[in-house]
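What follows is subunit A paired twice: with subunit B in the first complex and subunit C in the second.
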Partner chain A sequence: MAGVGSACLAVGLLTALYAAGASLYGARAGGPAWVTSGRRAIYATAGLMIAAVAILQSAFLRSDFHYAIVAEGSSTDTPTFYKAAAMWATQDGSLLLWAFLLSLFSSAVLFLTRRSLREIAPYATAVLGVVAAFFLLLMVAWENPFNTLAHPPAEGAGLNPLLRHPAMMIHPPMLYTGYVGFAIPFAFCVGALITRNTGADWIRATRRFALIAWTFLGTGIMLGALWSYTELGWGGYWAWDPVENASLMPWLLGTALLHSIMVQEKRGMLRIWNASLVCATFVFALIGTFLVRSGILDSIHAFGASTIGTQFLVFIGIVVAFSVVLVLSRLPDLRSEARLDSLLSRESFFLLNNLVLVGLALVIMWGTFFPLISEALTGQKASVGPPWFDRLTVPLALVLVLLSGIGPVLAWRRVTLSGLRRVLVAPLVFTLVALVALLALTNASDSPASLAMFCFVAFVLSSVAQEFLRGAAARRVATGEPWPRALLRLAGRNRRRYGGYLVHAGIAVLFLGVAASSAFHDQRDVRLSPGQTFHTGDYALTYRKPTAKLGGDRAGTGAPISLGAVLDVRKGKQRFTLHPSRNYYPTQDPTQGVIGRYFNGEANSEVDVRWGLKRDFWLAIRPDIGSLQKPIAEANRRFPTASSDVQALVIAALTERYRKNPPPAAFRAIVSPLVLWIWIGGAIAVLGALIAVWPAPEARLRRVRSLYAAKLGRELSRA
Partner chain B sequence: MDPARKRRLRLIVALGAAVALATALVYTSFSASTEAAKPSQVKPGRSYELTGKVVNGSVSYAGDQLRFRIRDRDGTGSVPVSYTGAVPDPFRDGREVIVSGELRGHTFVGERDSLVTKCPSKFTKQGRRS
Partner chain C sequence: MEYGLALILLATVVVVVVAMPFRRPGQAEAHEDVVRAQLEAAKEAKYREIRDAELDHRMGKLSERDWREVDRELRGEAIEILRQLDRLE
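Moving on, here comes the complex of A and B:
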């Protein structure tokens, strides 16, 4: 089957190239038949990618170690759930996922626009074909996921333990869907520029795809943060790591884009800006994919030396050069239809928000690439740490949150003083009340930046609530509906608008969690023996007893050995128990011996978190297995060729020994206020985005009607 | 104010803001950055981001303090490190690590929680054909 898989890739490369060639020829000279043929070639590519993914996934599920990728990234004792996710833990598998998602997205958008945008679509098809061809070429020529081994091993290396987290199943596909999705607006923007159809048509056709891409990328980033918080054992959710930044930059630019295209739709302005922003977003999506693979920057995600960094760099260079030339050559066609009437208008606030978002992306880019910049300028490789990022991004984030409360309630063109009073007085009063309450009841004033953020969040939430209530009240007057139904109908009828408000509220809530947890978290590292108690804040923590489990860790990651502890936590009347543990995964390293290899391979924290709306209690353990090393060495010497049954007995005896005579273990306890709201806010934002993406019933009806009208027209003309 | 002048003013303000941001970027990043160094390069009196490999068999704990040696990735120079704070899961003998701090006496004292370990690699390449 591996041969079939390779063939799928090779044929896919040809169909993608054909799609590009045929649609270009069709648009220039050949006529619509060629364009249709090019579009269908994209569908064919998608079909081939589906087949390739199916073949590879079935190889993973069967643990077929003839496939090199399966032998390296999976094993028979990897739980099935993680076998299915192992494909995208490898370089070549993740490239296949990229191509797979790209071809599906391209097919969907080309199918939906097959009867509209007749001038632009062929060029968009060509762009999508070329991008797909690039990824397929990478696989066919350098990183074929279907490479086979002449002598398959009896057992695979297994999925990297760090990646054994439920989020692993969806985090990478979500991120990739986000990256890939931004190829769609880019392709149509290129088509619009080439054909000089620079109105808002291409934006209307691809706006929804941009929003979908943005939602997926955002969800992927949120899940990555959750993974970091619950799996990495350091207790944070964001570290300004180059790979994290790589995903954040296109998301920020995409956010800017979603706002600025509204200005073009409504006012015909910002066309040059939009075209540039679309190109930049796609380029950053490519850079995000590239950074993960090139190994040019040091990162905790640490990616092995890669063979395809150069190819990526060349491709990104081509895309940048092509975009710049294209936008510059079309400047006369991109002139605005209107001018800014007033600085106090929705469009000028959207422009401001765009500048802040792009500024934020530039700051992060500078910091991320600073090691390269400083090496080029001074010859010294130096880097900037999280404090630098915090210092520059916090003020920008504050401005951004504030703007998200003001911008959407302002009128287009020009705001009158009475209009301003109408929308701002209530939120400002609410914010003032919140400020007084915060100062009187909490210690929020210890961190001025957080205090400011809390106030801005209060402002945004009250301003969003006011919009919902005003709209619903107006509906009630008009229709006499009860409040709940009026609210639902209101959101249902104006999905984009109220979905957007909900996204703003969600992001505000997210920043509430970020500001509270980053400024007011309390972290302690201690060593405890069983029976000892230690205090952090109002909590008293008692190490009740150690635990040792064989072949059944709490998280179901398939670790053979899991050492942990049971701890009782007391805070006033509240009592609960935590079970942090550390999983030990066997290594294939022969120098560790038959028994030692079970203890001295990869090990990884299984954090226990007591989630709470007010605060989290987060606890990780690092057992000290130093006292076991002597008996392990002895067991290695005594049972060099032990059968697996004997090995299991010896290991059971060793872990029992740990349980009976536990040395002090190191604990890290973190009390983090409101951190759960980061993900609640994220979920609210995703919900809002989904509402905004979902086609409104009227729009659907309109589309059906227009299809009927077109059909009727065709039949009449034939008659 | 006539519209053309108003527009020019806006442009100047916008450009001014951009220049201010750029200056802030350049200034703060160069002053806040720490230089990366190999163990054979560190000298006392300034802080570094030390990168290298953990010397096999050098890891020990003294109370909460983690002690180990870092050697050059491809050389023999090495320096003892003492460190407190969070130890990443993948930390062990032979791993590539990054730790910030400075040389005090003959020991490199790491800043709290600054230890970063590169995982053996998400995209493993060990024993891979071509």
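Moving on, here comes the complex of A and C:
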């Protein structure tokens, strides 16, 4: 079936190129049949990509090592759950995922706009076709996931142990869906600029796709942070790593875009800004993919060096040059229809929030690419660390959170001073009460930045709560509904507005967790022997006993060896047990010997976390297997051709030896306040985004009615 | 062999799919329908703006005077869209 997969890619490439060519010809020559044909070519590309993904997934699930990608990224002992995710752990597999998702998104948007945007849609089809063709060309010419091996190995190398985590199963598809989703507004923006239809029609048609992309990208970032916290063994969730930053930059620009397109939709303003922002967001989505795959920057997330960095750079360069020329050539058509009525208006605060978001993205971009910049200027690769990022991003994040509390309470066009006073009094009073409580009851004043963040979070939450309550009260006056129904109906009938407010509340909660956990966490690194106790914060930990498991590790990652510990934790009357461990995965390196390859391959921590709403207790172990190296070498020498049963017996004896005579193990314990709220806040934000993106029932009904009206009108005119 | 056969088969299927509009050109949407759909979308957006402004007023964010001014402007724009829709009938 590998030949069928390769054929899907080759035909997909030609079909995507045809889609671009036919759509352009149809738009220029006025041939609707060509335009429809181009659109159908995108549907056909999606069909081919679905077939290609199905063939490859089937190969992974069957552990068919004829496929080079399966032999490199999977093995027979990889759990089925992770076999299904192994495709996107490889470079060629992730390129296929990109093309697959792009073809699905493109088909969806072109199907939904088939009866509208007649002038713009053909050009959008052409852009989407070209982007799909680029990714297909990469696979056909350089990174074919359907390459086969003449002599397939009996066993595969296995999935990278770091990726054997439930969050990793969905983190890459989420990120890629986000990246891909931003191609849709870009394509329609290009179409709007080429045809000089720079009104709000294309925004109305693609806004929902931008929001979906933003939601997926945000979810992917949150899952990546969760993976980092629970899998990487260093105890943090964000390290300002280039690949993390690469996903954050388009998300920040996408956030700015979602706000500024509202200004264009409602007031006809910020057209140049929006066109530039759409292009920049897509370019950064491409850069995000490029950074993960190019290997040009050192990252814990960049899996393997790439052979397609140059091609990516050329494509990004073409997209940037094309976008700049297009926007500059259309400046006269992008003039605003209106001016700012007042500085005290929602649109002026949206503009301010856009400046802060873009500023944040620029700061992160500078810090991310600094190693390349310094190498180009000085010949030496220097990098800026987390303190540099923290110093510059924390003030901007504070302003951003504050603005996210002010924006919802302001009306469009203008707000009078008395109106402003009326809507700000309650949130300001609540914030003041929160400040006094924090100063009196906690040590929050030890970190002024965190204290400010806590206050701003209180301000955002109270202003959002006020919006819901005032809205429900206004509805109650008009309808006499009870409070719960008024609240539900209010949010249900104004999903975009109240979904958005919920997103603001979620992001504020997320920042609460970030501020508390980064400023007030307590970390200790110790070496302990069984029976020893150490203290961190108010907790006392006793290393009760070591553990050694063969197969069946706690996290179900398929690790053959897992060494760990049982620790008793006490805090006053509270008692619980933690079981951190470290999994060892075999290497294919023959120099390690038949037994040594099981101990000296890749290893990673299985952190044990005691989650809590107030604080988490996080614990990782690094067992010292140095004492086993001598018996391992001896076993390698004595059993060089041992059968797998004998190997299992020897490994069991060695691990038992570790369990009975354990050397001191290294532990890292972290007590982190409110860290769980990062993901609770993220979940609230995702819920808000889903509410905002879901069409209101009335709107769906009206759409159906209008379709029937159109049909009726057509039939009457024929009669 | 497998690759060649698959290539021919898949290419044939794709050609059939993309060539269909040339055999049935009547399937293309009438220009009026496209314009109508765009106007309907614009009408929905304008109605939403009117509702938003009214909600802002009822919540005390917009003064009576500002709301009346904004509302009049928005309704004027909505009427213009409705007129364009009427002209299509």
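Everything that follows uses one rule, which is that the second predicted complex is superposed on the first by the 716 of 719 C-alpha atoms of A that agree within 3 Å, B and C clash if a C-alpha of one lies under 4 Å from a C-alpha of the other, contacts with A are read in each partner's own complex, and residues count from 1 in each chain.
In this text, a residue touches a chain if its C-beta (ideal position, glycine included) is under 8 Å from a C-beta of that chain, and two chains touch if they have at least 3 such contacts.
Fair warning: this is a prediction, and the values are worked out from it, not measured in the lab.
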item: Touched partner set for A:Arg391, first subunit B, second subunit C, both or neither; value: first
item: Touched partner set for A:Val423, first subunit B, second subunit C, both or neither; value: second
item: Which superposed partner A:Asn160 touches (first subunit B, second subunit C, both, neither); value: first
item: Subunit B versus subunit C as contact partner of A:Asn147, first or second or both or neither; value: first
item: Touching partner for A:Ala411 - first (subunit B), second (subunit C), both, neither; value: second
item: Partner chain(s) touched by A:Arg615 [first = subunit B, second = subunit C, both, neither]; value: neither
item: Touch list for subunit A against partner subunit B, complex; value: 68, 72-73, 89-91, 94, 147, 149, 157, 160, 162-163, 232-235, 293, 298-306, 339, 355, 359, 362-363, 366-367, 370-371, 374, 380-385, 387-388, 391-392, 525, 527, 600, 602-605, 622, 624, 626, 666, 668
item: Interface residues, subunit C side, partner subunit A - complex; value: 1-7, 9-11, 13-14, 17-22, 25, 27-34, 36-38, 40-42, 44-45, 48-49, 51-53, 55-56, 58-63, 66, 70, 88-89
item: Residue numbers on subunit A that touch subunit C, as the complex places them; value: 1-4, 6-8, 10-11, 14-15, 18, 22, 32-38, 40-41, 43-44, 48, 114-118, 200-201, 204-205, 265-266, 409-416, 418-419, 422-423, 467, 470-471, 473-474, 477-478, 494, 496-497, 699, 702-703, 706, 710, 713-714
item: Touch list for subunit B against partner subunit A, complex; value: 3, 14, 17, 21, 24-25, 28-30, 32-36, 49, 51, 61, 63-64, 84-90, 92, 96, 98, 100, 113, 116-126, 128-129
